Amino acid sequence: MLDKIGIAKRIAKEVKDGYYVNLGIGIPTLVANYVRNDIAVEFQSENGVLGMGPFPFEGEQDADIINAGKQTITTLPGASFFDSAMSFSMIRGKHVDLTILGAMEVAQNGDIANWKIPGKMVKGMGGAMDLVASAENIIVAMMHTNKAGESKLLKKCTLPLTGVGCVKKIVTNLAVIEVTEKGFKLLERAPGVSVEFIKKATQGHLIINGNIPEMTLE
Amino acid sequence: MLDKIGIAKRIAKEVKDGYYVNLGIGIPTLVANYVRNDIAVEFQSENGVLGMGPFPFEGEQDADIINAGKQTITTLPGASFFDSAMSFSMIRGKHVDLTILGAMEVAQNGDIANWKIPGKMVKGMGGAMDLVASAENIIVAMMHTNKAGESKLLKKCTLPLTGVGCVKKIVTNLAVIEVTEKGFKLLERAPGVSVEFIKKATQGHLIINGNIPEMTLE
Amino acid sequence: MISKKVANVQEALKGVTNNMTLMLGGFGLSGIPENAIAQLVKLNVKNLTCISNNAGVDDFGLGLLLQQKQIKKMISSYVGENDEFERQMLSGELEVELIPQGTLAERCRAAQSGFPAIYTPAGYGTEVAKGKETREFDGKMYVLEHAFKADFAFVKAWKGDEAGNLIFKGTARNFNPNMCGAAKITVAEVEELVPLGALNPNQIHIPGIFVQRIFQGNVYEKRIEQLTVRQKN
Amino acid sequence: MISKKVANVQEALKGVTNNMTLMLGGFGLSGIPENAIAQLVKLNVKNLTCISNNAGVDDFGLGLLLQQKQIKKMISSYVGENDEFERQMLSGELEVELIPQGTLAERCRAAQSGFPAIYTPAGYGTEVAKGKETREFDGKMYVLEHAFKADFAFVKAWKGDEAGNLIFKGTARNFNPNMCGAAKITVAEVEELVPLGALNPNQIHIPGIFVQRIFQGNVYEKRIEQLTVRQKN
């Protein structure tokens, strides 16, 4: 079973040379730390920066340079700042190659819910609705089940949707899953996790074809 | 009767303190030379400059700094350059206070034609269609009649239109005319020009109320 | 040069009254018009509709107006990390219209640029699209979203001049440029009001034509919401 | 950093073939991609559809492609001052779609920004609106105009870096930024390709994400169309 860092490490392997990547808040933010450093990747943050670098050294933070999680950041050579309209031109115009974000629920048809629990909690969609409506390549990073132990991979979402039929891949603490026309296709198991275990933790239709390999993180 | 410079001088009096002004090619360009210099006015050119100044001194021209007439220009302190989309944001968004442009024909309902004579001549509309579709305050600068001596102030335009019901005022070599719901209202005569003469040169409905003053240029 | 300079924040906010719709720049606490917000608190104008990506935090930014119950309605994309915002929203004290962030930016730009409405794919198939016109182009579905209408836009820039030209810094730029000229009156506050001619005309983010009033802010706290640093080895 | 640098204009134009739709920046002769145009002449690709505000003059800019009859169709806002353009158009040799300048700019930006179409008041009631959908918003009429679809966009900037970041100069900026990312492949040529990190991230007009290939142009003639000067007293 993976922890959050494990999920981030596994997703980092999906990041290819030449990709512009938008990382959501939470686990996705961690992905940047584990991307191979022999490939060229640029991170975009929807609040208006391309070419993000690591966190600043203590004392060197600048309130005017943050990411979409409102964390202080630095930029790398070749970075640029821009306004919100241009930022979403990048996103809506499909110039960003990969979007990685968290979710409360994902349905087997690719629907995603991640912004609101009616009557209980409202985070807001932020840029997520724009991202999922336009991105060609969306990976969801999340725990396989919620705190109550219920599956987050569902036949149908029960929470208000963020986007419809858009998720392509899901990486959880238990598995790597592809969203296909026929449902959740199990691609890889987390180290030490059985297919049976994943099956039980998945409410939606899980497709198991042949032998499912254990994932490697490095 | 006015010459082109006279028309420009008369129109210059319409330019008020605090106005952002877009000047079309031809006579309108000349207007800048005659605006009172005790008022604050900024000239916008739709190719992407605000705060235009006079022509450059010989040898100081820069191919990268031109106006919409493709003439080399200079800029004044406080000027800015921007792209075409932003330029038309200024125009379409009604941030430009006054538009002065030439015309081949103006109709008594405010229609204007100035970009094409079918089968004979095509200049193109350039930014004129955007300007007339959005400007609150449009003054047409033109000769009262064409080279064949025919009136350019018509009941109805015969040439392909640039915009509908948009012209507010016309300054010609003969007169200053306001476009009202009832037709062309004669406001002023050019020096030495009689009301009768203007009437004959105007094909559209000309409204003459009381005594029509001779215009002053300074 | 047409001067947009006003003496201070009091003059800059002249005409702001109850029941108005205001746009406020900023993302989180970054690039917010701190001085205008402080003055809105002082004026204690009520029943405001505020268009702003966030509502600050409990005790800073628009959170200050929420505390004083000056806001009737928020139009935002994100509530997270502001407990008072979430509480007022869930209890129904505050009307909230949550919209996608890109839609928020573009509805500002539409107002600035004279577009009545835009078609965006964001929110299609979700409750955001409820009651809105949708339409297919090239096999993809879009939602029709209308330009905002606002009385005042309050933006914060890094540097500005008397002509109203603005330059923003880093990610404090965010929604600020898109809100300029998107309301009847745009009020820009700047960290530094520089002499005319000091800004390079090639590097101006927002030309002065989009700004009606400009002033130098008294003080900028520029609070950091999530301080994240690494240690030097 | 994702490198967009290509060795020369030959490599930059790889993949350009007959029958393609091209976007070309520039206003008059200012800010035109001189090196890309020269290479298009050399390649002698035919049947092109060119989206560009003007078509240069008889013997420079896109006029060179008109002379060689490489262009099937021009989508422009202005013909004036180019006799060969007007001649080919009036004789019917050349298909021409004349559209308002602001519409041209915004149809580029729509393509760049993922908007399928826009509503603009420009051209309403004129032959430009013929056959197009029109619609009323708040008592004013608008025309629905669609985003362009193009194979290549050729733009010219002043300075650029290997990451594809661009800075334009003066009014040579014009349509160039709006065309970046508006075609399948955007090729930027720059007067000066500067080292990575030499451009201030705060002053970049077009981030490299909108650019697929960048190269330093060999030579820029930068011809002036209307030299207007005043005498020193």
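Annotations
Every chain is named by a letter (A, B, C and D) in the order it is written, and numbering of its residues begins at 1.
Here is the rule we go by: a contact is a pair of C-beta atoms (placed from the backbone, for glycine too) under 8 Å apart; a residue touches a chain by one contact, two chains touch by 3 or more.
Model, not experiment: these values are computed from the prediction.
Judged by contacting C-beta pairs, the busier of the interfaces B-C and A-C is A-C.
Centre to centre, using the average C-alpha position, subunit A and subunit D are separated by 36 Å.
Per-chain CA centroids place subunit C at a distance of 33 Å from subunit D. Rounded to whole angstrom units, the spacing between the C-alpha centres of subunit A and subunit C is 28. The residues of subunit B that reach two or more other chains are 49, 81-82, 85, 88, 91-92, 134, listed in rising order.
Residues of subunit D in contact with at least two other chains: 109, 114-115, 120-121, 168-170, 202.
Contact annotation for chain pairs lists A-C, A-D, B-C, B-D, C-D, with touch applied as defined. Against subunit A, the residues of subunit D that register as touching in their complex are 1-3, 109, 111-115, 161-163, 165, 181, 196-197, 201-202, 204, 207-210.
Contacts from subunit D toward subunit C in the complex involve residues 114-121, 137-138, 140, 142, 146, 167-170, 202-203.
Residues 45-49, 54-73, 81-85, 87-88, 91-92, 111, 115-116, 119-130, 133-134, 160-165 of subunit B touch subunit D in their complex.
The touching residues of subunit C, when paired with subunit A in their complex, are 27-31, 53, 76-81, 86, 89-90, 96, 98-106, 108-109, 120-128, 158, 168-178, 205, 222-232. Across the complex, subunit B meets subunit C through its residues 18-20, 40-42, 44, 49-51, 75-82, 85-86, 88-96, 134.
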